[in-house]
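Look for chain A in each of the two complexes below; its partner is chain B in the first and chain C in the second.
After this line comes the complex of A and B, so read on.
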């Protein structure tokens, strides 16, 4: 564990010095993510010009939800997104060999090697918006609610990572240039909508099969309305199930890796 | 010399090279995005207890969001980096030795993607209308034809805008983030996230002076039969003007940056 921690510190050091080499790009990316946040907030601001409730939430409650998914997205962009973006190239070019022969878990190495320093600035931005949305919430809340929200968002990040990884892994079999990562980003919109709008089989899809609704909507719901024990059990079981599924498929994928480039 | 035929055929082959990925992504993106958008709007319609909002009923809103993912693809043609990637890795060299114009070649490959996605739109539009029982009346087909025409005009304009930005790669280390920024603007102010009718009237008045609403909202409204003749004519005029502006910008950028290209890549 200590060895992995030390290794990760090296990743951080390397990533920051790399980011500083391309300062213009560094700045552009911060602005890009800032615009993404503004667009997301504006979208709901415009919708609230025409309605008082979306998915049962008022505008200030919705701001907590938006801040929650923006925070998860920023953490994902900082820690894993860049790594998974390059993942298909490693498989198709046969570069995975270099990761397999190293004395560390290849999944750890491939998922966390590149820390996106510019996106880290956006974690600060998203975090500030998160604090603002909580601070300006007019209803009283307890520290337990706040800690619960935070813990569930960390779990949400884990779910987001697992789904993303499961969308990229098929590259082992399809040898395509991007896997299903474009589909993942399209499906990711489900994370940006309150779970109460999903009904019937769509609800099953987004709370069990591709549990995007558990990433930010359930945590926000925990903070705003509280969750039943059954809901918390549901989040825990889906998270554990997803982690196990990822581990199983990863092992299977490695067995079918041919090492030859395409 | 019919070189363009070979280029088009080659681009089609590239698009369809990974068929399983292509179809899963296409169906997944279209179906799931529509279902998510419909769920959101259904909850808003229910919360308001109304059947019409800003001239849109729920079925109209569904059709709007069926068209949106394909509208985005038609307009954006090839993906981000269609030019800068080649400048960065040095493979841009080939355009300098081809006996054809680099601009013509790039526009052709870009529009091949747009045409391909237009065919998908035609298919989906017809299937939707048959499923909901509207049938395929002459009026619907005329709207579809004009809609596709405006979509392709918008793709040409966006191609020139994208080219102007991608050419910045002759000076800057990375333009990917710039292109993504432009996409955010175009998608939001163009009407991909929600119909522009929902924007405040002052915002719509301002947006008329930008190319954004003519790139996405206008062709979608035309395809749905919502656009008036005046709207179409002024929209096309605006696209024409913006097209000239972006083409001139791209040409100037190329003229200024051509000699900075070292052919080695970074």
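After this line comes the complex of A and C, so read on.
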């Protein structure tokens, strides 16, 4: 564990050294992401001009939810997104070869090798918005609620990572991941909606099969109105299930890896 | 030691006819094509030995190297390297093994080599003192001391290959797979890499499997060669043995009015064959010589041992 932590510190160091070489890209990305955040917040602000509640939440409760998914998204963009973007190329070009011969988990290497230092400012922006939305929340809350929100958001990031990985791993067999990745982006929007709006089979889809609703909506719900023990059990079992599924599919994918010819 | 028994590997791919019609057809029904890349091969290599694995493109050399380094699983058969099944990817095995692919970089492209080495130090858990000594020794032997702090992408191809060699040898592996380490290098860089491999082998005595298309590499480095053809071993023995074995032949370079060609003829049939050539062709020039090692190997790669 300590070794992996030290390795990750090296990845961080390398990524910052690289990012600083490309200053224009560094600035441009920050501006683009800042616009994305403002648009997200404004969208809901406009909706609240016409209604008092969305998915059962008031405007300030909604801001906590928005801040939650923006924070998970920013962490994802910074820590894993770049790596997963390159994943299909690594598999198809046979670059995975060098990861497989090292005495370290190749999944760790492939998922975390590139820390997107350019996106790091987004974490700061999203984090600031998150703190602001909590600080300006008018209802009283306990430290337990706050810690629970944090823990569930970290778990939400894990769920988000697992879903993304499960969408790119088919590239071992299909060569092109486009279909699955497009599906991920189309359905991923569900993360940005309160889970209460999903009924029937859509609810099963977004809370069990592709559990986008567990990423930010359930954690926000825990903070705002509390969750039943059965809901917490649901989050735990779906997270463990996803983790195990990823582990087995990854093992199977490595077995069928044929590398690229030289 | 490396022990390979009955090792086979089949790759499955899909075929597609050209054009849009072919694409539509492939969308509905795909034809599977299987390619037997390795056909029941057996091999034994002792510690300290260096062997040259040679063959035409697609003969199965890289497939064998990838199975032995644990990158791909075999379809059937057994192989153990230092007592481990490579494709089970035990960390203990991976710590003692190294692979260098001449066509693929392993060091961080945008960073100075030294940064990649420090990362490798963590990966292989190399103690500080050993790491410093190894970097010092390798950089000195390969003459790249001045390039360790330069971004890798700014180095020449030859310098990059030396950095790749350093990266692969920092943890003092007991087994080394060198897949075309001199590919694309100019003559002096090729020579430098060869000299280095030779002295490293002499000093540290790892098991080394070298694949190369350059005969100079093989002649200089490998007392033992394995020739592959269509997934099979057609020759496994020493270089000197192959020369002796085939030294009973003569190489005839013939120039006629129509074409130029070279044929191998058993010494005993030399006069008969020469007379035949003169009677059936208008021979302008004829040169009789002992076949070069390159000719012999090329002939085996093309025709196998028995059908030559």
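Heads up, the rule we're going with is that the second predicted complex is superposed on the first by the 257 of 262 C-alpha atoms of A that agree within 3 Å, B and C clash if a C-alpha of one lies under 4 Å from a C-alpha of the other, contacts with A are read in each partner's own complex, and residues count from 1 in each chain.
Here is the rule we go by: a contact is a pair of C-beta atoms (placed from the backbone, for glycine too) under 8 Å apart; a residue touches a chain by one contact, two chains touch by 3 or more.
Fair warning: this is a prediction, and the values are worked out from it, not measured in the lab.
With chain A as the common reference for superposition, the partners chain B and chain C occupy compatible, non-clashing space.
With chain A used for the fit, chain A forms the apex of an angle whose arms reach the C-alpha centres of chain B and chain C; rounded to a multiple of 10, it measures 90°.
Of the two partner chains, chain C is the only one that A:102 touches; chain B does not reach it. Of the two partner chains, chain B is the only one that A:190 touches; chain C does not reach it. Legend: residue contacts after superposition of the two complexes on their common chain; A:31 is shown touching chain B, with no touch to chain C.
Of the two partners chain B and chain C, it is B that touches the larger number of chain A residues. In the superposition on chain A, no contact is made by A:218 with either chain B or chain C. Using the contact criterion defined above for the overlaid structures, shared-chain residue A:130 touches neither chain B nor chain C, since it reaches no partner.
Of the two partner chains, chain B is the only one touched by A:177; chain C is not.
Taking every C-alpha of chain B against every C-alpha of chain C after the fit on chain A, the minimum distance is 6 Å.
Shared contact residues on chain A (touching chain B in one structure, chain C in the other): none found. Residues 22, 24-25, 28-29, 31-32, 35-36, 39, 42-43, 46-47, 49-55, 174-180, 182-183, 186-187, 189-190, 193, 196-199, 202 of chain A are the ones that touch chain B when the two sit in their complex. Of all the residues in chain C, the ones that touch chain A in their complex are 11, 58, 62, 66, 69-73, 89, 91-92, 94-95, 97-99, 101, 103-104, 106, 108, 110-111, 115, 118-119, 122-125, 179-180. Note for the complex: chain B touches chain A at residues 18, 20-21, 24-25, 28-29, 32-33, 35-36, 39-40, 42-44, 47-48, 53-54, 69, 172-178, 180-181, 184-185, 188, 193-194, 198-200. Of all residues in chain A, those touching chain C in their complex are 3, 6-7, 10, 13-14, 17-18, 21, 94-98, 100-104, 255, 257-259, 261-262.
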